[in-house]
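First chain A sits with chain B, and in the next complex the same chain sits with chain C.
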Partner chain A sequence: MNIRLAAESLHSCSGCEISLLNIGEALIPLLNRLQLVHLPLLMDHKYSDPAGSETEISIPKAEIGLVSGGVANTHQLQVLEAMRKSCTTLVALGTCGTHGGIPAMINEWPMADALQTVFSTVTTEPVDVPNQDTPPMLDRVYSLDEKTDVDIFLPGCPPDPTIIARVLEDFLDGLTPEPVTKSVCDTCPTRRTGKSERKLLRFTANARFDSNESTASMQCLLEQGFLCMGPVTAGGCGHQGEPACIRARVPCRGCYGPVRHQDNQMLGMLNGLVSQGIDFKTIIDRKSMLRFSGAHGRLRPLKEKKRAS
Partner chain B sequence: MNTTISIEPLTRIEGHARISIDLDEAGNVADSRLHILSLRGFEQFICGRPAEEIPRIVTRICGICPWMHHLASVKAVDACFGVKPPPTGALLRELCQVMAHINDKILHFFFLAAPDFILGPDADYSVRSIMGIVRADPELANRVAAMRKLGQQLLEEFAGRAIHPVAGVSGGFSKPMTKEERQRLQQGCRTLLEFAVFALTYGRDEVLNKYQNILQTLGRIETGFLGTVDTNGAMRLYDGDLRLMKADGSFTDFAPEQYKEHIKEHVENWSYGKMPWADSWQEGFSMDLDRPRGIYRTNTLARINICDHISTPIAQEALEEFRDLFGRPAQGTLLYHWARLIELVYTCERSLELLADDRITGDMIRHNVQPGAGRGVGHVEAPRGTLIHEYTTDENGCITSANMIVGTTHNLAPMNMSVRQAATDLIKNGHYDEGILNRIEMAVRAYDP
Partner chain C sequence: MRPEHKPKIIAFCCNWCGYAAADLAGIQRIQYPDSLRIIRVMCSGMVHPEMVLHALNKGADGVMIIGCQLGECHYIDGNEKAMARAELIDELLEDFGFENDRFLITRLSSSESEQFARTVGTMHKRVLELGPNPNSNQDNGDTP
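Moving on, here comes the complex of A and B:
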């Protein structure tokens, strides 16, 4: 059977698509087995006849649809609806699609304030926010499942190329991809001693490690006193037994979103810190623990007074 | 009857954009616009955050050039906190930045742009893509895919991540380079240089030279240029002064911190993308094709035009050949592709140059950082142009305000002009077809937005 693939990116950075390309040579046999019908980064299929109505969005039928990015404006919502209509199986590709991702950090501000800030920076001419032929912004950034039915969640910022390749291969072979159940900690080789710092440090000095040794000889970064979101973050970022940021000797910030789709990374982490006797009040900007998962109403505008203080 | 032609989405580009072209009663172009459709508000939502975290957040401005935002940001945070990286830290940062350029250029030339040339601008859309190249020339496609993967893998193995990196940290770099890592990187970069030299020859002889008729004319506009040079006028990507050149070739050099004295951003009410322009020329802003005012371009063609020379031998030779053929400054929009291949060679040569410096395996990679109040500008040359981040911080070292001028935006006004030029030239008496509309997109694609 011919498997057709459609893909779209919405409120995102194209990093997921670059990760797809990073599959490398193995991508070529995959592309030969799939029939690409719509993928704006790589091919020229358009939404509609050039002389037709500008609002019409038509996407060819496909067995599998990949959508990266969350939803933040009316145009993105229309594209998502068109993808849902055309695709039998809809995959939310990347953490923006599954949990809002970094762009959902804007949810801590009223959207109108954010637009005003962007169009009043020091170098910008004094103007009104553009409003002609620009799609109106929604009130906040939404994950895809807040706006439509999603069949497969594939978090990651971006999802590792091997994960994307496996999902496509599984699909071609008629298998159902298995969801991630491990946390970053579960996949992390660093050494745990059971002794933790009581206070958390800002990452203004490097971790302690021997650069000639593997990460397995480095003490757990949370134990070293750095906020590391590994315990509450879905695994999958690693290669050869090392989570990606740990390989760089840098703590995890949670980019694959929570281990279980509906979990709250901030609450989970705070609970974990309390149970280990770590003073969570030493963390500045606690909300930042939701920097990848601020959709689903998790991040909301602060009251004016609170924000000023 | 007046009609509007709409091209949406623009394809084989990074962002989200639409072109509209208004035709008059005779069916000729009356007006055109390139709309940028989305806006994410980074200037707002990094406010209040600890500044040292920002380099890990702003990477998401662009998944194609995350290293550029990462490092411009880290430099801005350094300046806010009054710290400079030790020499080894600076070398490691620059190495990652130029290596990220390599991957970006391979991606753009072969995956996004080449289908128009190798398969032809009039090829059916179902064929005119990298998949078409896979079928037409599987050997080339395999080689290109392997080289991109090699470039990304080298970065990932050394720095943990190729996309959305984390290894640049205020004060320096997060991990040193071992001797074994250095050897692997040297070997990999030699392979990439060999490929880059092939790509330059192949691109020139087999691809671009076959389109002599449009190379200098499609989307051609007359503008100034902006890029980065060192004190000797050599092309630089990671550090240096900004050079703003007028269309007549005269130029001014200035420190990146002074960008606000030279650049302002214009806003049209039909696009979320701002349009930077040269305020210091004191001629105002106009996208008029015959008399543009304040318009300059960035990205590969700009850097090739503004530099006096390139510091590495093979790229310098290619630059001389380019100047003999097209002069300085060269204005043909499709020449961006040629300039991109010259830069591909430079970035490979430069990576090897940095790896040859023995200080690169030093232990002293990061200075300790004291968060505090300050103001800082960080800049690098991103693949798509000069990238500027400016932050202010409070006494806790948290962000109080931010301004970012992103590579692509410098070219938004020029892209609008190139669209207008190409459309006016190609659409006559209401006649247009898919091939013509694709040629208009080719004028945009050259800028690699």
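Moving on, here comes the complex of A and C:
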């Protein structure tokens, strides 16, 4: 019997689905063994049974369910719960699902303030925050595992197509996909000299490298003074033996989220810098180090200081 | 502040000074608040900020790091690393929703048992004034 696959996108950009299609030729043999039963981005399928109740979301039963995106409103929460009910194995596809991703950057502000800001900028006509025919927002953006049980975490923004293919193949062969245990640095070929800059450079500066040489001859970008998130980011991006951003000679942005699921990228990175004698106060926007992993309460609005004067 | 609030303070004590001072305080029968829970570590320099944050997320009301006097570290400069990290923790706790007064780093030599008891007393009072940790009653799982 074919294995049935259902896929759903919640608070996401469809980049993960593009990555799924980007598997390319390897996708064709996979499709012979997979039966797509629900994939709103590719095929038309209604949530509710016309004969049944209108409010109940029903998703066909499937052995494997891919969910991309985090959870930000009540509708997405319902869809997620329906997916969990229908799928034997639930896969969080992409960093939004595993750690909140880019949309979770909104967690830095209270949701009401954020909506107010979005709907009443100085350049637009002031309007009320829409509340009719739109599902209400939750208090913040959640990752999938905060709201339901997730069986397989597949981070990445987007996850590399080869990794998605490998996980699907493993699943079809009845194997459990192995979780990532290596950081980006573990898979990075650049040269480490032990001599590092004490001052941090902005991403607008260019790295020093010889474009005729391979990345193995380039000095480690962290040593060059860039805030490369490699040490605290899960590896696996870029299937040609080197991390994707490093191959493009730019520092790692941290898009695969922390190496261990419960780690905190900002804390780990700052701790490393401080141990190296770098003044962390020179980093102007340190919260941006959580740009991909702001769920799980890691990014939260600042409290009013209530210190006795 | 609830009257029945009994705070819990986690103290990471370095094996060579902080823990020895606590040990001496015990031998000398010096009284200090029972809110303290000591975790012995080999050096204050090994206490990762994540450990402090984890303790607070799990409901500890205060966290202390007790290391050696500057220049007396058994591992040459572990306590200086701890100081650099403490500065970071001080700054970052508010990002994660905790008052930075819930954290204290201090340096003691192994003979300073009375200072140890005094410091714990100060921390205990400070935590009582702050009231219970907002996370103490909810199960936050493993989320830092």
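Definition applied: the second predicted complex is superposed on the first by the 292 of 309 C-alpha atoms of A that agree within 3 Å, B and C clash if a C-alpha of one lies under 4 Å from a C-alpha of the other, contacts with A are read in each partner's own complex, and residues count from 1 in each chain.
The criterion applied here is as follows: a contact is a pair of C-beta atoms (placed from the backbone, for glycine too) under 8 Å apart; a residue touches a chain by one contact, two chains touch by 3 or more.
Computed from a predicted structure; not experimentally measured.
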item: Greater residue coverage of chain A in the superposed arrangement, chain B or chain C; value: B
item: Partner chain(s) touched by A:N212 [first = chain B, second = chain C, both, neither]; value: first
item: Which of chain B and chain C A:Q262 touches, first, second, both or neither; value: second
item: First (chain B), second (chain C), both or neither touched by A:N73; value: first
item: Chain B versus chain C as contact partner of A:R249, first or second or both or neither; value: first
item: Partner chain in contact with A:P135 - chain B first, chain C second, else both or neither; value: first
item: Doubly contacted chain A residues - partners chain C and chain B; value: 307
item: Of all residues in chain B, those that touch chain A in their complex; value: 3-16, 18, 20, 33, 35, 37-41, 43-50, 52-53, 56-57, 60-64, 66, 107, 111-112, 125-126, 128-131, 134, 138, 141-142, 145-146, 148-149, 152, 156, 159-167, 169-171, 174-176, 178, 259-260, 263-272, 274, 276, 363, 365-366, 368-371, 390, 396-398, 402-403, 405, 432, 437-438, 441
item: Complex contacts: residues of chain A adjacent to chain C; value: 146, 261-264, 266-268, 270-271, 274-275, 277, 280-281, 286-287, 296-298, 300, 302-303, 305-307
item: Complex contact set, residues of chain A against chain B; value: 9, 11-19, 21-22, 24-25, 27-28, 31-32, 36, 40-48, 50-52, 54, 72-73, 75-76, 101-103, 105-106, 108-109, 113-115, 117-119, 121-125, 127-128, 130-135, 137, 157-158, 202-207, 209, 211-212, 239, 244-250, 253, 255, 284-285, 288, 291, 307
item: For the chain C and chain A complex, residues of the former touching the latter; value: 48-50, 53, 81, 84-85, 87-88, 91-92, 94-97, 99, 101, 140, 142-144
